[in-house]
Amino acid sequence: MRIGVFICHCGSNIAGTVDCAGVAQRAAAYPDVVYSTDIMYACAEPGQDAVIAAVKEHGLTGVVVASCTPRMHEPTFRKAVERAGINRYMFEMANIREHVSWIGKDVEANTNKAAELVRMAAAKLRLNRELKPKSFPVTKRVLVIGGGVAGIQAALDAADAGLEVVMVEKQPTIGGKMAKLDKTFPTVDCSSCILGPRMVDVAQHPNITLYAYSELEEVSGYVGNFDVKIRKKATYVNWDKCTGCGLCTEKCPSKKSYDRFNEGVGPTTAILIPFPQAIPKKASIERDYCRLFNQGKCGVCAKVCPTGAIDYAMQDEIVEVKVGGIVAATGYDLVDWTVYGEYGAGRYPDVVTSLQYERMLSASGPTGGHIKRPSDGKEPKDVVFIQCVASRDPSIGRPYCSGFCCMYTAKQAILTKDHIPDSQSYVFYMDIRSPGKGYDEFTRRVQEEYGARYVRGRVSMIYPKGGKLVVRGADTLMGGQVEVEADLVVLAVGGEAAAGSPALAEKLRISYDGYGFFMEGHPKLKPVETNTAGVFLAGACQGLKDIPSSVAQGSAAAAKAIGLLSRNMLDSDPQIAFVSVNRCVGCRKCIEVCPFKAIREIDMRGQPKAEVIETVCQGCGLCNATCPQGAIQLSHFTDNQILAEVEALCRF
Amino acid sequence: MSIQDELKSAIMAALPDLSCVIGWGPGPEPLRAAPLFIRGEADLEGFTAGFLSVNNPALYLPSLKGSKVGIVAKGCDARSVGQLVTETLIKREEVHVIGYPCGGVIDVDKVAAGLADACEPGEVGALREDGDDVVLDTPKGEVRLAKKDVTADKCGRCTFPNAENADVFVGIRRAPAAAEDTYADIAEFEARGTEELKAFWEKEMSRCIRCYACRNACPLCVCRDHCIAASREPHWVSQADDVPDKLFFQVIHAVHLSGRCTGCGECERACPLGIPVLKLKRALSRRVENLFGYKAGIGTETPPLLTFAIEESTIKERDW
Amino acid sequence: MSVLEGKELRIVGFLCNWCSYGGADTAGVGRFTQPTDLRIIRVPCSGRINPLFVMKALIGGADGVLVSGCHPRDCHYAEGNYYARRRLEVLKGLLPVLGINPSRFEYTWVSASEGQRWQHVVETFTARIHALGPAQAFAGTTGPANHNRADAMVS
Amino acid sequence: METVCLNKSDDAFVKAVEAESGQRVSRCYQCGNCTAGCPMFFTFDYSVSRIMRLIQAGQKEQVLSSSAVWLCAGCETCTQRCPNEIDVAGVMDACRHIAGRERKFGARAVSAFFKAFMDSVRFNGRSHEVGTMALYMLYTGRVWTDVELAPKILPKGKMPLLPHRIAGRKEVAEIINRFNQGLSDPDLVRAGSATQGASAKEAVS
Amino acid sequence: MSRIDVGYFPGCSGLGTSMEYERSTRAVCRELGIGLREIPDWNCCGSTPAHSTDSALSAALASRVFAQGEKAGIGDMITPCPSCLKNLRVALEHMEDPLFSARVDALTERPLQMRHSIRSVLQILIEDVGPERIKARVRRSLKGLKVVPYYGCLMTRPEKIMRFDDPENPVALDRLLEALGAEVLAFPLKTDCCGGSFAIPARKVTPRLAGRILDMAGEVGADAVVVACPLCQMNLDLRQGQIRAGGVDRVLPVPYFTQLAAYAFGLPEQEAAFKKLVQDIQPAFACMSRRAADIEAEERKTAAAEAEKARLAAERAAKAAEKAAEKAGAKDAAPDGAGKKSAAAKKPREKADADGGEA
């Protein structure tokens, strides 16, 4: 083999702490290396061209690039060597940036380590074989998990592009958190006026199938051909018959159900349509509150339903769908703020969350758009907003900034003034974070035009006194302690990954961070991809974000799915297992362990042998590690290739 | 009727349905019985089952797959059969197991030690059991040795003297020599410390002649002609006569047998240089037993390394 | 392997591509300083790691071997790390009997987001290996056969 | 007000406070929660969060001469509610330790009261309320302190005029003496205090 | 009743200003089967002045207390005073660090040998005895007494050191007072600071901080502020005159929880020691008696109504059962009517048993 080695400086990223020329010099002496050089930016066009030129000039048959992580640029360089006429798998990378130059400053040690990593890469490359992908057909349908604004955007874009879309929503209606908002910042336009029509579009789009009140049960298969099982939870109402007339909700005698949509601001009925603009506008029964289910007697809804849609015997149903791509858009939940004993831990009715306040502001909400104190229904005059509740708080494991609270608090302060002109708002904040078009201007307006008093400091304690709430805070700019007697306290509660996010990530085989947010493929370059091909991310499930960003990401995820499924055939990854039949003794151990059932037993002249089903194999290599005689090997990660790396490191 | 005779009639009764029955017959020396392949009554001449029935006849079963075979089995042989069946390396319906109560087998090296200067074990004319003793005819007259002193180590810790999975069992079941295998030998060995053990293996492996008798005697080695120790594709070890390479072969064998080894001890017994290679396998068996409660060759559950539990109650992962 | 004598020891890391290699990348991106001793071999999944690779490295002269994969339930291939966990846990029982200090080998789980955890793991493990000092070769090697063998594989 | 020259931050002071308290003051992001909840704020010259900021900035003089560090009641409210889990009360305590060593007493009455209390303990092995008050009045000259309470409490028989002296009061006094001799100095102890401690003890006796 | 034996560290104020706490604690513990073994020749923990001077000095004084405990073979101890408790617990926590421990030993020259633990009297009553057993010991219920529990700042803080109850909204004292029969009012300033020992050197502290607490107690309608800390008690009780001068005009008795327990257990005044309080508690008890009478009258009324309702329901059920039995009788020869009857008959007897147990 004729190997060429290219040591990338990555500007000063690598060259700052690695003697790249020195590494190149040492690499020249490695077996089969016929050409070795250092290079400023290997990934840039001149860099790639230099690699191609060197291949041609020196008749290289294999290339090692020592630069950043292969998780970043392996595909880039594979394409480059392919342009040079070499099979893309006759290429290896040594990660001398993330694993060397960025984690230590000792130039001598770094240079030595970089040279060793190159030696390992070259040793492996000598055993690489040309691999060629096979192609397989794809299912031109995309699954969107979550019907919030990000999911809606992704679904509509994909459907408009001609893809079939299956949307799964956990709640009985789509709309997500945005549907609960009264207005949106910084335009203060009506949330349901802009979201509502989009929700209707979802319902009416011929390419979209909506499964509301449903959850993802199971995912198997791979990019292009996922097999998905969806659990349609029992609503006890036959939605084919339900017309959404709402008669049942009027007559339901159980009137103390927790109102999920309205965040518990006021009770609701056990059978309900979450809100007037709900999509689908269908009734469902909350079993926990239904008299029939709990006391065995009632049946009022069944009696009044004009279409006979009530079905108390309804069971969960599993629907199976085949899709080519998946968009996860599961959004966020508010952190459980009742961990704050100093804010009353939920004991004081007039301490509400920002989302509860939205419902109080909303004309279609339980108070009809009138701001009323939960305790006595009176209109509050002094309203205190506390920001960073459960955000930027390492003590409760939520050290991150939720990102949207500063803006919605400003909006809520404005709306408070609109609703109650003689009210006074006080906003306790730590920093105002308003980087967005028109955002900072908005936070100035609320102070300058609406007279909200912004106080820079956290609140230490809230306690009731004489029908008011005493808010003990600090004004660090003034340098001291402040107190406000408030009629109502609104907590700008931060967000966290939606409940069940880790479990969903495990089903989708994608990664999630320590807080349960899904991991993007690359923080800069693959913001909507994941490490699992064919699974994309949209909205707050990837990290908290506001509506414009969620919508943008929804479109981006849709674009990725559309791009993927625009092709009729996809190339399979050739890094899969293969069996050398003469070594195989048919012991079946590989078949036993394969997580994908990708190996089957065949009969070869009376002898049992293993055979890899190439389209099913995912290339984990578990079989390879299991086979005692090494008869089954993982292409590109064979025993010999890994041993060559080990031995490059061994001294005895 | 003696056990021997009962076994013979059991063999004859089963033989019509079988291509052969594997037992033990006369070996090259009076103290060493050899495997005997019985296809007819005539082959029963010299059949023996007892103190000299050292070899594990299960060794031959995988290569005879495809036809129904009978074997006369000690408890430990039967465990090998059980494990082969569990791993589907043989089919249970293709084996006819004839069990008998085993009272332990000879360790010829111990006899040699007992004989001391009297003679070499190969010069012994005959062996006779007499109560708790064995009596050996040697050129220098009779030598009497305590039977327990010339019995294989594994028999002293045997928990499975009877082939419990036998199709036919002859005789009365024996009580096991030990209630459970405590692996005291391994604990003791391990207690010698890594430095001493490293030197131990350096010395032992320097004597290894790479004859692979250990592997060839192992009834659970599935690789046979495709051992990775003699391959370039994949190429795990060189053919050099180096200690690390030879030791690595033992590691390969031990790792391949982890969670599978029934402890029949044939590897160690077969070693012409008396290298205690069973120690490595028993160290792994101890670990597997402690972690997963798994004893190979007893029961039919999947070997622990070919399966998993999502929550491993016994694996305490290091908390960094 | 050639390490800086007196400064570094030979530590081989086997990391799964999806979680731990990514975690090591994340540590790099975060500039989480680490000792330089470790050399990482990337494999698709911890389930790909034959315990014999670990043994090969240890007998071949590595002073320490560190395996890291995805956390349980988070395997990119759903189950690979579960098998790895059993196999590597069992392997720990072989080392002391063989005359190798079992502290020279460790396995753990690091996800792609856990850059800081990776730093901590590398620091801790490297410190542990330095406390043990360099491993002693098994005496009885006739020559530097290994690199010849690598050549043999190629030919 | 004076312009603070940031180049002249006393980094050694920052390190000293961190070592004494075991806290990392850089974790403080100045949210003001400590100040917000501080019951003693109204007696302070600098608020708690200002003290934290001054420590971060290495403003040793201002911190050590402040009354705030002496007036902190140690109620732990700031520690309890600090979002960054800083033991703020511990930092205040540490500042008091350092100030005391440097003989800086930003609130004379408080340090005099502490001294009176400790003296009472040194004499008796236990604190004696009447004795402590007497010493306090002596040290501060505030002879009328709480004198209006006397008619209320004396008839209750709760203020014994004589102290309860314990048998081991010498042992207690020894502890305080050894401390005053600097025998618990970390460097001394780290260097192997056994021998030094013994010889120092001989010197005392 | 199972006996508990535990070391006891009374704290200096128990010999002076908080002798009623000390006296009632001993009485209550005795009644609940807690054997208190006083640490022989114990010394002052050093309180705020010591820990304000140096952590090692503070821990050294604490260490001598533990060492004295060791002398008597005592490893586990309790103390009524939260301030002592905090100092002793902080010392134990810090001494986990070997260097710190060596510094302490350099001062005491008496290294500790045993494992030590220290908890509060309140904690042992709640955790080891429990509200149920306390309730069972009540002879004179505090029914009708409206109280607010005031824990002070140190009973549950710092959270990581004290490891007891909720640091923001503790409920141990609430549970205990409820067990005694009192009505516990929601009190938002349970853990607010009263000013502690700063009442002496900084005069303006108490009227403001203790005043805020008294004011809130009065506002929520309490008859008494129940405390568990000698310093809090002194600030709230003895200094009510100073507080009044500061503008908060509330007159409220401030008993220790152990005093109320002693009273509820029917112990004599000598042990409840209410006379040691500056603010008289008798008006509060008078209020309690009046309210108790009203409550009992109300309870009798509702009980009668309930009984009537139950009787009617039982009658209906019996009739329905009879009907069902008649129906079933055609098929089944042995209708089970007796079972119900016996169950109904059993009830009064159970009640009698319970009454007997009370008496």
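In order of appearance the chains are A, B, C, D and E, and numbering begins at 1 in each one.
Following the convention adopted for this analysis, a contact is a pair of C-beta atoms (placed from the backbone, for glycine too) under 8 Å apart; a residue touches a chain by one contact, two chains touch by 3 or more.
On a predicted model such as this, the values are computed, not experimentally measured, just so you know.
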Those chains which touch subunit D and also touch subunit C: A
Label of the chain whose CA centroid is most distant from the centroid of subunit D: B
Interface with more contacting C-beta pairs, comparing B-C to D-E: D-E
Label of the chain whose CA centroid is most distant from the centroid of subunit C: E
Centroid spacing, where centroids are CA-atom means, of subunit B and subunit D in whole angstrom: 76
Between subunit D and subunit A, distance of the C-alpha-averaged centres to the nearest whole Å: 51
Rounded Å distance, subunit C centre to subunit E centre (Cα mean): 57
Residues of subunit E engaged with two or more neighbouring chains: 167-168
Residue list for subunit C, restricted to those that touch at least two other chains: 56, 59-60, 73, 79, 83, 87, 137-138, 141, 146, 149, 153
Touching two or more other chains - residues of subunit D: 42, 77
Chain-chain contacts as defined at top: A-B, A-C, A-D, A-E, B-C, D-E
Residues of subunit D that touch subunit A when the two form their complex: 29-38, 41-42, 47, 49-50, 77, 81-85
Residues of subunit A that touch subunit B when the two form their complex: 580, 582-583, 585, 587-589, 592-593, 606, 626, 628-631, 633, 638-640, 643, 652
Of subunit D, residues touching subunit E in the complex: 20, 39-40, 42-43, 70-71, 73-77, 79-80, 87, 89, 93, 96-97, 100, 107, 109-110, 112-115, 117-118, 121, 125-130, 133, 136, 145-146, 148-149, 152-153, 156-160, 164, 166-169, 171-172, 174-176, 178-179, 183-186, 188-190, 193, 197, 201
In the complex with subunit C, residue positions of subunit A that touch it: 1, 31-32, 69-72, 95, 97-100, 102-106, 108-110, 112-113, 116-117, 120, 123, 126-127, 502, 505-506, 509, 511-514, 519, 523, 531-532, 575, 593, 595-596, 618-622, 624-626, 634, 637, 639-640, 642-652
Footprint of subunit A on subunit B - complex, ascending: 66, 87-89, 222-224, 226-228, 231, 233-236, 244, 256, 302, 306-307
